[in-house]
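Report on the structure given below.
For reference, chains read A, B, C and D in written order, and residue numbers begin at 1 within each chain.
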């Protein structure tokens, strides 16, 4: 049999009839934690990728697009940034982006899966870039729900970087009114809660809209924004929730002033990119304006 | 052998190591014209799709995202819209979008492949929605280059909806200085030339930037804009070229005023969407600012 | 996006974790009959293929391996060959092989799906090679079960070329004691019933053994034989059932004498091939000797 | 994105248009030696598999079919079996089968890739079943060609279990007249040389026939035999070369007498299976009888 140049493939399935196939150059790790199937692979186009339960979490090539979008709009829009809480985010890149902001005095990160954190330190050091060693970082390996129940601190920004709430996911119990109430209780007055919030593409924005509708019961401003993340093979959406600020109204100049204070340079995000993220296409504004069910 | 629910797949290859697989529900047509391999298929998620030489041209689900982005920014940004020329665009949807504008008095469309036009009329009538029968439409089956050499008319807007200039494509000879000079010669003073211009995603924007650099030799304003088109599985970019107008500076209100005059409703495009399209992320603005080779 | 050389693929699934992918060069037909999904495709290696419900029925490249194996051992082993009945066999190749034997005076073929027969005549004429026009051929479009209930003739050989008895298949009701009794009732004394009988490979011979066990309740000799059919991607098995003759004991010389009388030349089958077909590997002889459930 | 049950796949390519896809349950090892890409994976249907340069070497499910076929016909057909030489065979299963024969006093195995041997001991102990520790085993890590040049011993049976002679394979220089002369020089008078010899299926037997033609220049009897090996997804062929014995004429009873002396039980091979292996179908006997080019 002739030799096969690309012999093993990572197949991500978006629907039973839609798949993306990535040739695998290297398997750095493949195994199971107590919570999920974990793989760290390398592909020629995207470089290293973290895959949990067959679902791409981030890739070397474009993780900055995702993580800058998740973290900075929320931080840019608040005036106090001393205390930040991250739910999930095991790779350490959400932590890295947060700690690039010198106003942050402490960043608490709660992830249930210690093995993801350990493997990320070992195989994906470019993701955390030393953030786990930053004295402002406090890493809690544990259940986000338990943490929220017991914790008594207040946070200026809470960032949720959890996997999607599919039935078998460890995140399944973390998207509902009770949890959102708990999150809000931990938020300082005027604080912002930002979360990754599924896809918002033409053919598949229903889950995102349902998340938005649910959160509107809890916050005065629930703003959608999204960008295409090539490794996810789709437009990826976020929600920024606040009782005080509408992030879509933030001026590019204000964003740029915030960005100027960050350590290092941004790859993706700045004032003009902020305007892109929050200027939603007509079809999505219409869908978000419709009523419907909630979690 | 157990029955296979999805037995035939359309595999689009983006690189030897990256593929997207769409299950085929129906093959409406599969054959060759004098110029290219043509297929009209149906998939569960994207509906009908036109595939030329193994390359998705458009899908029922999101063709409006692509065609509204290709046609309307250019039309919105000019003051005269009486004469429009379309190069390529065999499906008829670029023609449809153009003719939705009541200011357009004549729209000439030149496509080399009469079979694509005939098959689109037969299998994809939702794409042209009767545009081929509009008395303002003039359809020329022929080589765009020959047409440009012989034609003596002037056009307020020229829209290029050609396949990408890969070596075996009928579009291969249509991306170079000589052709761009010919196009400019057919453009009315102050007119705009808009073209689909490859992908502009994080990992693959080099061809787009090369196109932009080449066109800057010909036009005072060469503005990139892009959006994710799910059926193309990537961010899709366009270039708007003009000696008079910088489309990125067009105000949402002006766009909305233009859109209000169109027959029917837009799905994707309006003032806010225009702002999204033309607000480029930081990495792309940087790439576009760099020097490099040209066609 | 670069052009894809092979853009559409036929994926045959053997298990949720095992698939064979054939690049499709041409789709000659794709549609549904009243009974099943039917496709006629062309692949570079196997040539034309008939696919029913996502299941390969035969390919130009190796259909002779399958059809010669299905028809000739049974005919070689009987002394009377005047009347033959074929259940299924819509492509016409089972009919073709049967009518190559000059001793056959009439061959009745009963297939439920007239569309398969019509499409085979149109797109796969090499399969039937004019057999449908042979005056000895009698083609009945109808349900095999209904035919068996009403028919009063006797046949020297009955050949079953039905699709496998999966739950949704039109063949599902045709593998059970009642039907086998009906078949036996139509068989002349000393006649042979030959049927295609699923796969018999190392990892997947259970269904074949169950078929064999079921038929042993009805016939004194139930002999398994098999060969690899590349287009089926597996070893394909058959059962020869008789109250008089054990086909595994047939001498190569006797087979060759039978073959010498056939019109045209065999591609696959002869005396030595017969010995191969009926010399089963040790693991399969052991599995067939074990007891187990029946249909 | 919904969770993907089977997220990574091993794709074996037989031609640019034919692929077999196996879902990977586990990656036990993936890396490169000095000579080749090595992977040990686990699949739900075939169990553990050794893959070299994207080419399946053997699977837990059916390696006995392959290794019994490779080793025992040669041993069954000779009268002296004291000294056996194996070229390649890094997994240790060829060694295991050889040492099951109590007549073998010493078995020398020469494999160039020590990493394959070490990984096989660690991850595939069921393949060697302790054979590497048998005092009769002599394992040489080195180039087969260098070994043949320097060695002065004579062997009753030489078994070649090398990868196929593709341009980039370490086996590429091992299929030619010079090497076959060297092998014959090491063979005791009346000894047998058995080699795995590519596929011999209907659509792809040319390489096998070329190997046979080449070897006929060196040996009086060059006998083809083959069986379907599901993990290889094709019929797999062998050649048995001798100046004294035609293995196709070996009686089943003689084979059974040989097998009765082996330690443990055979899974696949015995007298009747021998008859199957060496009874070639008509098309293959014809192809082998034709003249053509040689190595």
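In the analysis below, a residue touches a chain if its C-beta (ideal position, glycine included) is under 8 Å from a C-beta of that chain, and two chains touch if they have at least 3 such contacts.
No experiment lies behind these values; they were computed from the predicted model shown.
The minimal number of chain-to-chain contact steps leading from chain A to chain C is 2. The two sequence copies chain A and chain D touch through a face in which the numbers common to both exceed half of the numbers used overall. Between the Cα centres of chain A and chain D there is a gap of 51 Å.
Separation between the centroids of chain A and chain B, computed from CA atoms only, is 33 Å.
For chain D, the set of residues touching two or more other chains reads 5-6, 14-15, 234.
By the definition of touch given earlier, these chain pairs are in contact: A-B, A-D, B-C, C-D. Remark: chain C residues 5-6, 15-23, 25, 43-46, 61-62, 65, 201-204, 227-228, 230, 233-235, 266-270, 272-273, 275-276, 279-283, 285 touch chain D in the complex.
Against chain D, in their complex, chain A makes its touches with residues 1-15, 21, 24, 26-27, 30, 37, 39, 41, 51, 53-56, 164, 166, 168-169, 199, 232, 234.
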